[in-house]
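Chain IDs A, B and C follow the sequence of writing; residue 1 opens each chain.
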Amino acid sequence: MSARASLTTEHTIDRAGRGVSRVYGLRSQAPLVLRPTHPKSAEPFTRHATNVARVSLTSGAAGPLGGDHFELEVRVGRGSTLVLNEVSATLLLPGARGGLSQMRITITVEDDATLVWLPEPVIAAEHCNHVQDIDVALGTSSRLLMRDELQLGRHREPPGNLTQRIRVRRVGRPLFQQQLTVGPATPKWRSSAVGGGHKSLGTVLVVDPDWGGDPPSARILAHGAAMFPLAGPAVLISALADDTLTTRRLLDRGVAHLGDPWASEAAAAPSA
Amino acid sequence: MTPNAALLLLADGRLPAGGYAHSGGFEPTARLQGLNDAAALEDFLEGRVTTSGFVAAAFAAAACAAAHAGNIGRLGQLDPELDARMPSPAVRAVSRALGRQLLRVITRIHPHPVLATLDPHAHQPTVFGAAAASFDLSPQDAALAVLHETITGPASAAVKVLSLDPYEVHSALARLTGLLDELAVRAAAHALDDPDQLPADASPLLDIAAEHHRSWDVRLFAS
Amino acid sequence: MTDTHDTPRTRSLRLGVAGPVGTGKSSVIAMLCRKLNEEFTMGVITNDIYTDEDARFLRSAGVLPSERIRAVETGACPHTAIRDDVTMNLLAVEDLEKDFAPLDIVLVESGGDNLTATFSPALVDAQIFVLDVAGGGDVARKGGPGIARADLLLVNKIDLAEYVEVDVEQMVKDAQSARDGRPVLALSKKMPDTVEALCEWVRQLHAAHSRGVHTPTDPGPMAPHFHATDEGGYEHSHESGDSSGEHAHH
């Protein structure tokens, strides 16, 4: 099955004369469904922002099966702010006739625009065979917070093959690029140098032009988690753990250290 | 005739380029994950060489091809791409320090115009590739030299960190020779890729370990 | 190295300080910085084995602005870092010379290893080898490349001699005979005249270096009976006549 969904936001002035972010090109194709939504829970960045558009993605009850080709295209127009979240985790399953499933996500964040992208974990079930490509293009003054979490196999299950490529470029220049390959086709994934047999891993990438050449400094968050200033106005928070809840907690802890405007209200509060 | 002897010179750990001070992330990984034998070392080496080692090898191959073609512009594109593939600032700093040291040595022992075009703080794979080209070596040779260094550095560090039996350590290295040759061929296949298409295989635990290591007061190795 | 083209103004006198752990290398460096601070602008490179403790000690001693003290990590191979593979140290010295130009003297402390570790002439112009009386009176007689051929041998901590039952005079004599007349100084940080003698030696060396008449020599890593050739030997003169300023010659 093939499905494409896309979405565009723009900054406009509403009837009361306030600046707002408006969603104007929302196209869904089952099972990829995009819907305007309301704040889900404490979210980063938006604490002080009033002009936020919120959209939520569903990718069907059982997400990409072998043979599926999904594409999502997001454009956050100049000056607008979009929070894109997801209704539930994505479960990658093998298809009836095997074959590769693919998800291609192309994101453009224009100047003075902000994207807060908070998908739920991607779960690589046994025998899945999936490739995910995420391509993000940023302008000089674009902001981004992008979370990404993988769970390798369901409960007590080894993962199938999953390749994930993330590529973030800023005004055409490379900012962050990495490929993760896990599963039986890449046994060295479990090496102590790579994934160490952890069942869950995740990253949060935050790009904030206000940091200039001096992003928040490196910080150790746990044995298997750290925050890295990239070679640009950006940080990567990276965590590996045995379950997705722990990974999420470590990532949130990292975001909390970023302070205003990135920390969510909940995360910024002193931890209990 | 292939300049095999030059390849051996370039890959030799005795080349005075400061590699001996580094464990390639093995020291922190051994402590953080409680590694304590040669099997654990071998597992570490395989993970490192198939991820960050492979990326470094592909970039060295690309640098070598660019240097052969006299394509200075392309050589200059490689370092920002490598930066984007190294989230850990400690890893980036080490890669550039090792590159600088290697450039210094090669410039002294075997001056060549292409070396003068490099950023003095270029990443190690970039310098490796250009140095290989200066000896008329192929992109695949450059990749192999980098892969060799990717595993021999941590292996000799492991002998000190874990007091491992050097014979066992070298048995592991011997078993990995086939993998190295195979990876060198694959890395060299990327020699002409667009820079943004070059491999980017991540080693997230190595990145995290590098920052742990930086924060320690007492350590045997610089990385 | 290419650096031999550098003029004495842009290139400092690079002075190595080697010797076993605990003999007083860091203390000697701190002492030199403190005493010669007014006359020379100086920088320090330390080579620690496990930590940057030496650099920290020197910074906390407050003898130099802390940014002029830099640590090089040698991966548990301190002898390699000053002998077989000096690249890291060389770059560190050059960076220091560039960042704080003009420096008169850069002191390089080796990560005290053993009696055989000496500096390569590719890294330093001259070197001091430090022994102490606590190591026993015999050490000097036993020799070794550092003891035999360093530009200066220090027998340190002579204030402790009576407690460890070492005859300082004899130890100095033994050292001298192991060194073909190259200078030996007895030193204690508690005896100002010995400290002054050391400072004077450094002044003389710096003067010779500035005039371009000091040529680095190589003690050789493992060759206690090596004899300096005409090209490798000393060529500077000794106008001063002050015995503390005596330089080795062949």
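The rule we apply is simple: contacts are C-beta pairs under 8 Å (C-beta built on N, C-alpha and C of every residue); 3 or more make two chains touch, one makes a residue touch a chain.
What you see is a predicted model, and the numbers here were worked out from it, not measured in a lab.
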Pair of chains with maximal C-beta contact number: A-B
Centre-most chain, if every chain is reduced to its averaged C-alpha atoms: B
Centre distance in Å when subunit A and subunit C are each reduced to the mean of their C-alpha atoms: 57
Intercentroid distance (Cα basis), subunit B paired with subunit A, Å: 30
Distance from the mean Cα position of subunit C to that of subunit B, given in whole angstrom: 35
Subunit C, residues touching no fewer than two other chains: none
Touching residues (chain side subunit C, partner subunit B) in the complex: 1-2, 49-51, 73-77, 80-81, 84-88, 90-91
Complex contacts: residues of subunit A adjacent to subunit B: 165, 167-169, 173-181, 186, 188-196, 201, 218-220, 223-226, 228-231, 236, 238, 240
For the subunit B and subunit A complex, residues of the former touching the latter: 25, 29, 32-33, 35, 40, 43-48, 50-52, 80-81, 83-90, 92, 195-196, 199-208, 211-212, 214-215
Subunit C contact footprint on subunit B (complex, rising order): 14, 16-18, 20-23, 100-101, 104-105, 108, 157, 160, 217-222
